[in-house]
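The same chain A turns up in both complexes below, where it pairs with chain B and then with chain C.
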Partner chain A sequence: MTQVLPGQQKRTFPSKFALMVGIGFVIFAIFPLFFGEFQTSLMAKLFLFGTLAIALDLVWGFTGILSFAQGVFFSLGGYAMAYYLKFNLAAGASDYGGGLPEFMVSNGLEQLPWFIAPLQSFPIAMVAMVLVPAGFAYLIGWFIFTSRVSGVYITIISLAIASALNTLFVSQQAYTNGTNGLSDIAPLTLFGAKIPLIGLYWMCLIFTTAVLMGAWWLTKSNLGLILRSIKENEARVSFLGYNIASYKIFIWTLSAGIAGIAGGLFVALNQFISPVYIAVPFGTQVVIWVAIGGRGSLIGPLAAAIILGQIQNYAEQITQDWQLIIGVLLLIVVLFIPNGLISLIPKQSNQVTSASKSASS
Partner chain B sequence: MLNQLALTYLFAQNSGFQMVPIINQLISGVGIVGILLLTGLGLAITFGVMGIINLAHGEFIMLGAYVTVFMQETFDMDLLLTIPFAFVVTAVIGALIELTIIRRLYGRPLETLLATWGLSIVLRGVIKLIFTAKLKYVQSPSYLSGNLKLLTNGEGLPLISISYYRLFIIGIAIALFLITAYLLYGTSLGRQMRAVTQNRDMAKCLGINTRLVDMGTFAYGCGLAGIAGTVLSSLKSVSPPMGQDYLVDAWMVVVTGGVDKLIGTLAGAFLIGESNAIIAFLLNDPAARVIVLAAVIVLIRYRPEGLFTIQKRG
Partner chain C sequence: MTSLLSVQNLQVEFYGFKALNGVNLDIGDRELVTIIGPNGAGKSTLLDAIVSKSPVANGQINYQGKEITNLPPYQIARLGIGRKFQNPNVYDELTVFENLLLALKGSNGVFASIFSRLTKWKRQKITTVLEQIGLTESAGTKVAALSHGQKQWVEIGMILAQDPKLILLDEPTAGMTPEETHATGELIQLLSEVHAVVVIEHDMELVKQIAKRVIVLHQGQTLAEGSVQDIQNNEQVLEVYLGREQIDVTA
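Coming up: the complex of A and B.
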């Protein structure tokens, strides 16, 4: 696991990994042609969840910051998209007071609040989808990582953030429609035409592939090496003259931005978002995907999110106790397979693995 | 005795500044303090003394509540009498969990965190299998119903009152706090507990059975959570996910107060409970929760060791 070996980084870009991702991309791109609408929509959703897991893996598996607040950033992006689509619908059906969504009218709002109004425009909504979660994450990161708070306390802070934001979104009925969230929203249109399901599916697939490749490139770069070193020994990295806080803030913000886009696409796909995705249980769900899939591997969490989601879809028709199985699986992984299920797949014996074996033994 | 005239002036309806609702709010804050202390105490042992990040703490509270449900359903037992059973059952389950899971993960806090989260899912699932997901209701004893009237107006209607059950919660919380403090600081067992956390190897050299002490300490912390479950079971309905409601709050109490000294937990509970009540009075309940959580985050940022910890050297 601890293969921090700078000498081993070879720059052979069209590598095995890229080839694997390419093959996977082609297989999944033609996947909807063979399966029905339900499977297509489910798979697209699971791609987004998988991306969310990769984003968490960047901060947790590679940098060692465990956060339960990944759902918060996901939801912030989701709400940005949902407001835009909601206004789109309200503008179409102008029975309500001047395009104001019905829940705002029934909660006594006379006009759009200033902080939501800009989301009526498509470009602003798209930018907000990334910048609101990333900006929020930047503020939190700047606040936390510049102090001596570390490890477990950051996790507890992330719990508090998720809990506080959930309470906020539930309580501000007039602005967020409370626990019901934003539903009954318009489908996403591009150049005046509604994007069909298969189009959304391909968007999700391309996004996931891009994140996977980007994360892979990032973790193989020098930056990735520094991040992993921070995880292994923070003090030593800082003695070498690196500003640890700025690295942590960078990866934390990047991860939140990715989560925000995933949230936006999720809303375009499902036409629904609610505080459920902010609250702690969804945040822990993401943590579980990463833990079971394998921290520090990129394919592992992605695969775990997709496979567990698929199994859950069928298991829930048979048994009500799917969560119990997940709990047992998580316990087994933590106790006996700390590097996740991906580590059970035997690696091909190339130079890197043999070198890392001799280094760790 | 307070001067009747002064009282009339103080509580006059038209005096602009209303004392009665404020005092009532402070008293309801005391009720919250009792609940927070009760739920935080077990965590103060498992996290404060042992350093275990226990995310299954809420589930031990839930287990305690289900012990009460079971005893009441089968033996029609009084709620107070079920307290020892709740303590013993949750403590035994805690000991078994320490033996099989926690023991393997000492020194790896983030792994412990994950494992206890897995455990919390499992406990919820198992309880759901046994008792189903149906909401259960617990009868609180009849002699604890009703209110204690502290101040009445001219017609004998209560102006300021507190329910006997709230008083009972506070009483239990403070009693458990004192017992725990005595156990930790007044007995040789407590000295052993603290010795093991401070320097495990040295404690071992001095002939302390560290594994047994670990198991006992964890079991005691879980037992305390179990008692909390029994006492809180009659406030709301009992259901498998009920522990989740208490988890974040219990954590905030322990982190605010500081993990070194037990008194920090008491102070943390008091601070969070009362500020919650006061802000809720000035604004509203959700706002109070958001503001208190934000304040705790700021506090952790500047004093991760908690408010009531003596600054250590080096």
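Coming up: the complex of A and C.
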């Protein structure tokens, strides 16, 4: 019985979305063939920033939780990868002995700290890249969301977390190399072979596509409907039998896990991580990508991260005050296009309905 | 008497002000109870306390023999108590269909919600509800575009989709035309054949239409209880409530 209700969306949209993503994927997959190493590397980085924006969109755009701590989770994943690669390099060098990175030696450490040592193992480092940020997010989320803290206070807490962790990483020189961060690290290898830049680029592209599709699928499910309801009026949802806290904790933790993987890939690509990515300014950048791209649209924030990254790239070559250009752009969007750049595209392609996906069953 | 819901000596305070001061209430299975009372009598607060929207300072609420006082609202909802709020508390940004889907009984867990599908059962249930509230045509419309009366219907529809054992309706007909009000009254009577229903109502016409047992609240306490006729002939009630209403009407 295929009884179609007026409330259900036609099924053209999902296939259209898949087609769009497919075309985008192919274009970006062959992108490196036409552009140099610099652009390839830049684009890969921007993909990762884009996934960071998608991850924030799930939390902010859909659920209504504005967080400036996205960089924290990104960096936790990044540091996990960076330690692993650092140890790989240190193990090869005999100068300092014991596989201890030079900054630890120069800061008076004689032994690998117990909480960093396990990252010498590849599987553990990979698991830590996801579980450390996700676990940290779960812990914070549990305290915030079960204690009925809401709205702007969560945002303030996220700012505090970013600041506190930044200070911690800067101050614990012996363990983190302070403001210098972890650089001079080994390239990521697979089965003993170094992964070339194009390989890393494709890894980033595949990861980004997977996150985009996964996030889209998730937000089309009943979960997406519930998240949007929480955003609009969270008290009401609880009277329908939904435990709001568990939904918020889930999406918050998932978002942090995605950010962690993005951070890990970022380090493999960029060969560098520092507390700059933990601090509030970077977290703010993620917020700006989502705001400019369009909250709750997934593809908007991704596009905004890429476009703004490219604008910044060229603006930097013209003027030192490139941030002014980004600032003016943000101002224009906030004042005149409050729903982000995606809202300029005709309605049909960014309509959000949960019924459409479910209609297939 | 085994009651579905039993409220004993309920007290709710707001900053020292006793909004409810020792209310007792028993609601049997499939019973229709109407609560009336002047503004500030504590009618909405009583429903708030039952669904744990307002914390209970003193007293006890038992549902199906188990104490539910101050349980988290979502747990109370899962036990089978549905609440309609005074101002239509619906999702403007969602379509009528989505509002109903959201309210639908079952799949309340996080992971269940990710993998839940719009099964035939769910679709039929929503279709039925849409017919009951007369909004089949508007299923795909965002609630924001509906009239006040229609929004009331959407929220009543959400309660129907939720399919609770006990339905709490807070002024379900506010903002409705007399015809709509009458239709709502008929729906409420229909509902009370399968569910226990508590209705807070100002509209005396509707009260006369639906009421079996009427409870009058005044200053956080039960003032009177009985049939519509009992209430209308009760001196105290006339004084605090009906009398004033009549004066208001003639003035």
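Keep this in mind: the second predicted complex is superposed on the first by the 334 of 361 C-alpha atoms of A that agree within 3 Å, B and C clash if a C-alpha of one lies under 4 Å from a C-alpha of the other, contacts with A are read in each partner's own complex, and residues count from 1 in each chain.
To be clear about the criterion, contacts are C-beta pairs under 8 Å (C-beta built on N, C-alpha and C of every residue); 3 or more make two chains touch, one makes a residue touch a chain.
On a predicted model such as this, the values are computed, not experimentally measured, just so you know.
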Which of chain B and chain C A:Glu232 touches, first, second, both or neither: second
First (chain B), second (chain C), both or neither touched by A:Ile144: first
First, second, both or neither for A:Val152, with chain B first and chain C second: first
Which superposed partner A:Gln111 touches (first chain B, second chain C, both, neither): neither
Which of chain B and chain C A:Leu218 touches, first, second, both or neither: second
Touched partner set for A:Ser246, first chain B, second chain C, both or neither: second
Partner chain in contact with A:Ser15 - chain B first, chain C second, else both or neither: neither
First (chain B), second (chain C), both or neither touched by A:Val334: first
Shared contact residues on chain A - chain B and chain C: none
Of chain B, residues touching chain A in the complex: 53, 101, 104-105, 109-111, 113-115, 117-122, 124-126, 128-129, 133, 244, 248, 251-252, 255, 284-287, 289-290, 293-294, 296-297, 300-302, 304
For the chain C and chain A complex, residues of the former touching the latter: 51, 53, 72-74, 77-78, 82-83, 85, 89-98, 101-103, 105, 107-110, 113-120, 123, 126-127, 130, 136-140, 158, 162
Residues of chain A that touch chain C when the two form their complex: 1, 3, 5-9, 218, 221-223, 225-226, 228-229, 232-233, 235-244, 246-247, 250, 353-355, 358-359, 361
In the complex, chain A residues that touch chain B: 66, 143-144, 147-149, 151-153, 155-157, 159-161, 163-164, 167-168, 170-171, 280-281, 284, 287-288, 291, 320-321, 323-324, 326-331, 334-335, 338
